[in-house]
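Before we start, here is the structure in question, set down as structure tokens.
Should a chain be cited, it is by its letter among A, B, C and D, assigned in written order, with residues numbered from 1 in that chain.
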Amino acid sequence: MIEAMSPRLILLAPEMILFVAAVTVAILGLSKNHGIRASLPFITCAALIASIAAVPLTWTNENAQAANLLLPTLGRFVKPLLAGVGVLLVLLSVGSVDRKMEESVARGRMAFDPQRVVRGEFYAFFLLSIMGAMLLCNAQDLIWLFLAIELVSLPTYIMVAIGGSGNRNQEAAVKYFFLGAMSTAVFLYGFALLYGSTGSLQFLEIRSALAAQSAGSGIDTLATIGIVLILLGLCFKITAVPMQFYAPDVYEGAPTHVTAFLAFVPKTAGFTAMVLILSCVGWSGHTLIDTDGIRIPYTGLPTPIAAILWMIAILTMTLGNIGALLQSSVKRMLAYSSVAHSGYLILGLIAGATAGIEALYFYLLAYGVMTTASFAALAAIERRGEEINSFSDLAGLRLRHPVMAWMLAISAASLVGMPPFIGFFGKIYLFIAAFEADQFGLVLAAVLNSAISGLYYLKLAIVPLVAPPSARSEEVTSVPSRWPFIAAVVCGVGTIFLSAIAGTLIGAAKSSAQASPMVLTASQEALPTASTH
Amino acid sequence: MTQLTSIPQAIIAPELSWVGLALLLPLLAAVGCALCCALRVKGKAAAIITILALAASFGIIVKAYFAYTGPVQVPIFQWLSFQWGTGQFQSFTANCGMYIDTLTLYWMLFVTGLGTLISIYASEYMEGDCGAGYSRFFFGICIFLFSMSALVLGDNLIMLYLGWEGVGLASYLLIGYDYARPAAVAAGKKAFIMNRIGDLGLALGIFMLWANYGTVQYSELFAAMNKGGQTSVDWELSVIPFLLMLGAFGKSAQIPLFTWLPDAMEGPTPVSALIHAATMVTAGVYLIARMYPFFELHPQALATVAWVGGLTALLAATIGMAQYDIKRVFAYSTISQLGYMFLGLGVGTTFGACYHTLTHAFFKALLFLTAGAIMHGFAGQLDLRKLSGLRLLPGWRIVSWTMLVGCLWLSAFPYTAAFFSKDAILLKALTSVRADFRFLGWLGLFTAALTAYYTFRVWFRVCAGPLHFEPGAEGHHEPHDDTHDKHDTHGKPAPASAAKSTHAFHPHAPRWAINGVLLILALGALVVGIPGYNETFAHKDNWAQQMIAGSSAMEGAGLAEDHGAEVSEAHPTVLGMDAHTGLTVVGCTASIGGILVAWYLHLRSRKSADQLRAALLRRWWIRWVPICMENKWYVDEIYHACFRLPMWLGAQILSFGDRHFLDGVMVDGLAKLPIAVGKLFKPLYGGALQGYAATMAGGIALVVAWLSWVWLRGFN
Amino acid sequence: MLLIWTSILFPIVAAFAVAIGPTKSAKWTAFAGTLASLGALTIFAWNFPAWHNAEHFPKTTGPSWIPHAGITFSVGFDTVSLLLALLSAFLMPLCIVGSFSAITERTKEYYGWFLVLGSSIILAFAARDAILFYIGYEFTLVPMTLIIAIYGGTERRVAAVKMFLYTFLGSMFMLATLIYIGWEHRLAVGAWDFDIDTLTKTATRLPSSTQYWVFAAFMVGFAVKVPLFPLHTWLPLAHDQAPTAGSVILASAMLKLGTYGNYRFALPMAPAGGADLMSFVAVLAIIAIIYASLICWVQTDAKKLIAYSSVAHLGLCMLGLFALNPVGAEGAVFYMVNHGLSTGALFLCIGMFYERYHTKDTDVVGGLAKRMPVWASFMVLFTLASIGLPGLNGFVGEFLCLGGTFISEHDGQTGYPGVLGPWYAVVAGLGLIFAAMYLLILLGKLVWGPLREPHDDAAHATSAIRLPQDLCFREIAILTPLAVACIWLGFQPKPMLDAIAPCAERMLANYPKEVERYMSQSAGTPLASINGKTSESRGE
Amino acid sequence: MNQELSSGFTIAANAPIAVALAISALLFVIGLVGFLCRRNMIIMFLCTELMFQGAALAMIAFARLRMDVSGQVFVIFILTVAAAEAALALALVVLLYRKRETLSADAWSDLGES
């Protein structure tokens, strides 16, 4: 047992770093010293960077194989991805958390009150949530999966509530929390059904059980409903139909830096969980039994699951895009855009093992960078101390804040899939993956949706760059902190720079998406039995 | 004549490339004129360049004429050619090269000759514009001469097309020379566009030839023709003559594309003389003559040409009778005479047509130049009712008498050059085996009488009678707009001009250049009659006939000739007399009769002309004739109503539809569709927490229900 | 390869220099950047070894970019793409110089975007990798949208948005199709590859029903860009609103991407589809010719008129391409270059008078020959080139396009059967008449006639840079190279025709066979029976 | 709540697995319906707890069916997480109550498509 544990523990080194850091910042946040409090985000950053560094050091092949994971190398890409984007997300939040209180303290209007300060908690929760998402990569059974998802979710509820001030983020918090709890119950029920059908919580065992079922009379009803419920519950995390309705409200209500977080970390966690669950099901070895009892093997997920994902994908991207068309609030629009991008990402889920997972993660990377760019640009400016919300605030932004205007435009171009920005390569690779899985219809839907999305992304580029300034936009100023600005520039440059090294990134994603050799043998075992039947 | 003679095969003779200078010189002169234009040269440098270049090219053509031994093809450089295979139809060759046979030389001689003369004339005529449009004018002339030379000299149809459009361009630029006058601009535009309609026909004809023969080079086309085998032709071959014909009709102002030529008189008179009378408009004749063998690909092709020519001749003559503007009368006479040429081509006498082209070139250039001189001297006055007895005015004698020469020639007065040439055409028509051709012959005779009438109507009005004149409305016909820029009254009628007495106005008489050119042209008009004299009196070979017979326009290369063959041997008759004699009698009668009527109505008692008109207008059954004649048979109006207006309306509708329907409804509507759909989903995002929960739960329930339904139905 | 990358990247470097450098020197930096690009391309063209064959050069595959998707940095030219790239690179400096007086605000951005635009156009022409092509092709939209939206007329934003969305929609289909063909290659070989030649080989092996759809999807993308009726409505608006130089590049280089796409992708990749759809596309092209010409006739806005005339002219170009014989193809390619020169020059001319009068309405301004004789001379020259006057460049392309259409159905002789024929040429030929009509009407109003000038000189006075009444040296220097090119190509088209010929043949390599198949398949349809009849009667 | 849960558990322990599953589903649906229909945020939260327990019950039933202990282990974790969520929920509710002086979920619907 010890022998089996230790490599797993080593694999958890990044999470441990984050955990230690979380505890540290939580404590240091209570310090009276302003300098220490101000250094919290950077400590967070340092921890995240350290965890990135820890991944290649610890995640060796031997360790990974010893860990008995379903996707033994997944963390090698996903963990640095989470931590890397996490660094940018931290920069976004510098100066936002506790801002009013810190200002008052600095002006001497009030004394420092450790009971009212939330900065330390915020960064602690920030780190814990990322840590939860990282832990998902190491999940080997449903319990771990469940706990990791909850570890991602619970801090985010709090972050929405404490990240800013005012009624809006509290409303966002309550909606996010309650609906999140409901969705948790849904996938939890799904877990139960899956467990009931397969008799195990271990992924590898579930995998073989499902393979056996598939080789028999097909995956049974209980398991299917269970898997579908899990997927539907996780749809909440990835803001996919039918669980995406909260997204516009929560994204709009939450403080911008938290919105950026919500748009990336829970989504990545949700997709990772889905990848794990679907890896248990497998993208091959399923057969169709026709009326004469002859088995026709087909590639891809079992038909009902594939069909549901198919519908979810199309509905998600479509509803996201057409919803975004109507918006006059930037953040709301970005929320719908986030929904739409989830729709594209589901293409990767459906495409699955051949190229889908790597496409999915590569796209998540692209999405993380470009959506953070747009949120960072929004976070770097404010109007009368309030965060930017409507498009009219952005009109003529280039006159006062040219760099942010350009960053918004760049992120919009990248989000719409304009070459040579990273979003384009993400999309292309998703299409490639979908083609590999024979999903022409989905590609067509995604193509049409991309075209529709042009309608509103263009607005995001044109309004700051071209539109004449409005009365509202005259009052737009920079936020005191320069870090969101820097984050925006880094992300904006990143959208271009990353496309230059897209080949390397895709390679890394590809190697991380390899299934465990045990899984492969399981599915190969299943196939001959299927054909001999 | 009975036998199909083959067209002489051209040999390739690169050593004759010096003839290409006839092409190059006008082009260089054009560049020179353009430079003059750009450098704003104030003097007459452009005119000198032009005259020298044109004279040189005339000299070259004369030299080529004397050096001529047989048809030659002279390659110059590769222009538009490429190939994609080795087969006959797998290449396209249209090089810059020359095809020189007698027809070419015949045409080039009078084109360059008249070009030189008229440039000399223009150097004086246009001198008022020195420093302004003067160089531009000669630029246009040079472009024209280049294009015309390319048209005639070119060794393939694409070169011809180049020249064809080039002369159209020159015509456009020169008609619109006085660009500040909207009428001139409109006329230039109309000329170009109507020509373009014809050009399309020509282009399609060229395509059709290419598609069926695989070449557009004359030598190869004629070689293919010589092989024969065209006894049964499919529709593609048989439309070739009709398409080419359309081009010719456009360029030579025949029905239905004739209306541009009268309007083209808005251009300066030397232009009218050179382009719209002597040379350019005969390009249609040249085309048909050059491609004559191909007009027998369809039995009715030449008949169509004949009919169109005959009817145009009559129609234009009737209009010409009722016009008051001297240049317009001459313009309609040009159309009418071109009609004769087409009639001649149609009935099978290319010689008659080409000979008439030659004679017409001289006398019509002469007539126009005299009209120009009058216009030049009388401040743009061209209304024949307002000018009278000019021959009595000192300094205007040469003009008056050379004009008489021109008029006599135009009315085919017996034993003038035009008499012979017209005779040749009408003789062929009247002795044809085809009844309709004979009818056209009589129609031509009738038209000849009308021609004599309206021609002398002009002369008797303008040059004969008592001296009286009113100056024109313009300060000068060619406005010195740029030189007079400071006190620019141009474009507005000078308010004092109506009140101005004739005595205050001093018409300035033409000087040596104009007079000299008029005299030379009159002489030329006499000289071109020599072949006719030779034939009629000395019974020698007609030079013109030799020239034509040695080329692709030779008579007897055609099928139409076959039908007429026996009859022509059996000495056909006209009114029971020997054809020649009979025609002489009838022709003389028509010509002299017309002149006499003109004399009576317009010299002896000028009032009677008005009385006659009034009398005609009083009678309802005949009044439409003068009305229609004066209004040019309403052809412009009919075209406007039938083509231009519906198209214009259609264009407006399309324009509106494009903006509001295609763009507004279809495209914008498509863009709005997702927004509209998006609005449908708006209620789902109402903002209430439990509303969202309900929707989510509903979504899950739907999925689970679907799954169960699928299961019950038996998915596997 | 280095020279190609120099010509692509140098403008981008210059764009950075513009962004960093002072505002005053921005225009000269931009000019230098475009000149350097043109220079590099000219040196390349000078040493180009493949002028007389259909090969492209350099043939080496570039460094891999995304190995898993087979995307490489491969660039290389064949003669057609080299000509078009030269055209674009040639127009770029002219446009920059042409903007000196027109653009007085936000100059740095303007020149920066212009440089980026230039390099992405050259990239699109140079790309040997389909995705690289798509990057260049699509990215042109960004600078162009911004140039229109920032520096355009009163409705600039609507125009820019429409242009962007419309072409974006179209090109998404094209992208999906490219990836689809890549997928077919992957199925056949086992690895992704987006090399254009490889894709062509793969695509031509697809069953004809698949090729039909491949072709249709390509056409959706390229037809919007060309633009082909009825997908053209974005163009007049964009042209109308764009600043002068924007219009020039839009008409001369960006629309060529559409026709080039047909030449490079749609036609050679899906010959079966091309054969099936050629009469359909040809009919659309003809409708475009007639429809746009008629609309031109009633336009009073000079720029819109030229914009619609572009629709008509490119309709003719498409017709030539879809005649599917070397004559038409050669004419079409020639016409691409010609249209770039003459229409670009016309837009420059219109821009020059617009800068002086601040209106493009031909009902308000006119008779400028008197005021601006030099301008008028250029205007007349370019209009005539646009009309297709023999001896000027427009004629060659126009004549060959029509000729190719005309002889299309003369199978067995040219070696390239087709289903178009004389009737198509007749109807398309009407476009020539209309072209003369509307362009001469434009000339008649704008250049000739009595002088008409708008009364308010206020706008004139506010112009930041005072311009002389007639063209200044700079403006003459812009138009002169174009004029020389127009005349030179009209008199000496042979070298260019020879250069195009092998490429045109290569594009059509599969067509004789496919068209035969199409004609035998559709023997029962009325159209085919007509064709059959004519060929029978010819056989007799 | 504890009463409900424990009684459900005892019934399931003695009844066939199907009954336990049916009850777990019933619990889940009751929770869901309550979540949708009740406006009081505390009640709503309790309803989500009910859904959790439905899932937990199913898990236990299956563990029993499979004679596998890991399902029961999972339930312990579910309880823990539910407790954590409860803490969070109560904190949130208190926070919200301070702002609006009401527990109705409808009070918080400012955001949303107007």
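Points to keep in mind about this one:
Quick note on the criterion: a contact is a pair of C-beta atoms (placed from the backbone, for glycine too) under 8 Å apart; a residue touches a chain by one contact, two chains touch by 3 or more.
Keep in mind that this is a model prediction, so the values were computed, not measured.
The chain pair A-C and the chain pair B-D differ in C-beta contact count, and the higher one is A-C.
Put simply, the chain nearest the middle, going by average C-alpha positions, is C. Our note on geometry: chain A versus chain C, Cα centroid distance of 43 Å, whole angstroms. Averaging C-alpha coordinates per chain places the centre of chain B 97 Å away from that of chain D.
Centroids built from CA atoms put chain B at 77 Å from chain A.
Inter-chain centre distance (chain B to chain C, centres taken as mean C-alpha positions): 36 Å.
Multi-chain contact residues, meaning those touching two or more other chains, occur in chain D at positions 32, 35, 44, 105, 108-113. Residues of chain C in contact with two or more other chains: 165. Counting only residues that touch two or more partner chains, chain B has 671, 682, 685, 687, 689, 693, 697. Across the assembly, chains come into contact as A-B, A-C, A-D, B-C, B-D. Against chain D, the residues of chain B that register as touching in their complex are 682-683, 685-690, 693-694, 697. Of all residues in chain A, only 355, 358, 413, 416, 418-420, 424-425, 428-429, 431-432, 435-436, 440, 443-444, 447-448, 450-451, 454-455, 458, 462, 465-467, 502-503, 506-507, 510 touch chain C in the complex they form.
Within the complex formed with chain B, the residues of chain C that make contact are 162, 165-166, 230, 233-234, 236-237, 291, 294-295, 297-299, 326-327, 330, 367, 369-370, 374, 377, 380, 384, 389-391, 395-396, 399-400, 402-403, 406-407, 410, 413-415, 422, 425-426, 429-430, 432-433, 436-437, 440-441, 443-444, 447-451, 491-494, 497-498, 501, 504-505, 534, 537-538, 540.
Note for the complex: chain B touches chain A at residues 671, 674-675, 677-679, 681-682, 684-685, 687, 689, 692-693, 695-700, 702-704, 706-707, 710-711, 715-716. Only residues 141-143, 146-147, 150, 154, 157-158, 161, 167-168, 170-175, 177-178, 181-182, 184-186, 188-189, 191-193, 195-196, 199-202, 248-249, 252-253, 326 of chain A touch chain D when the two sit together in their complex.
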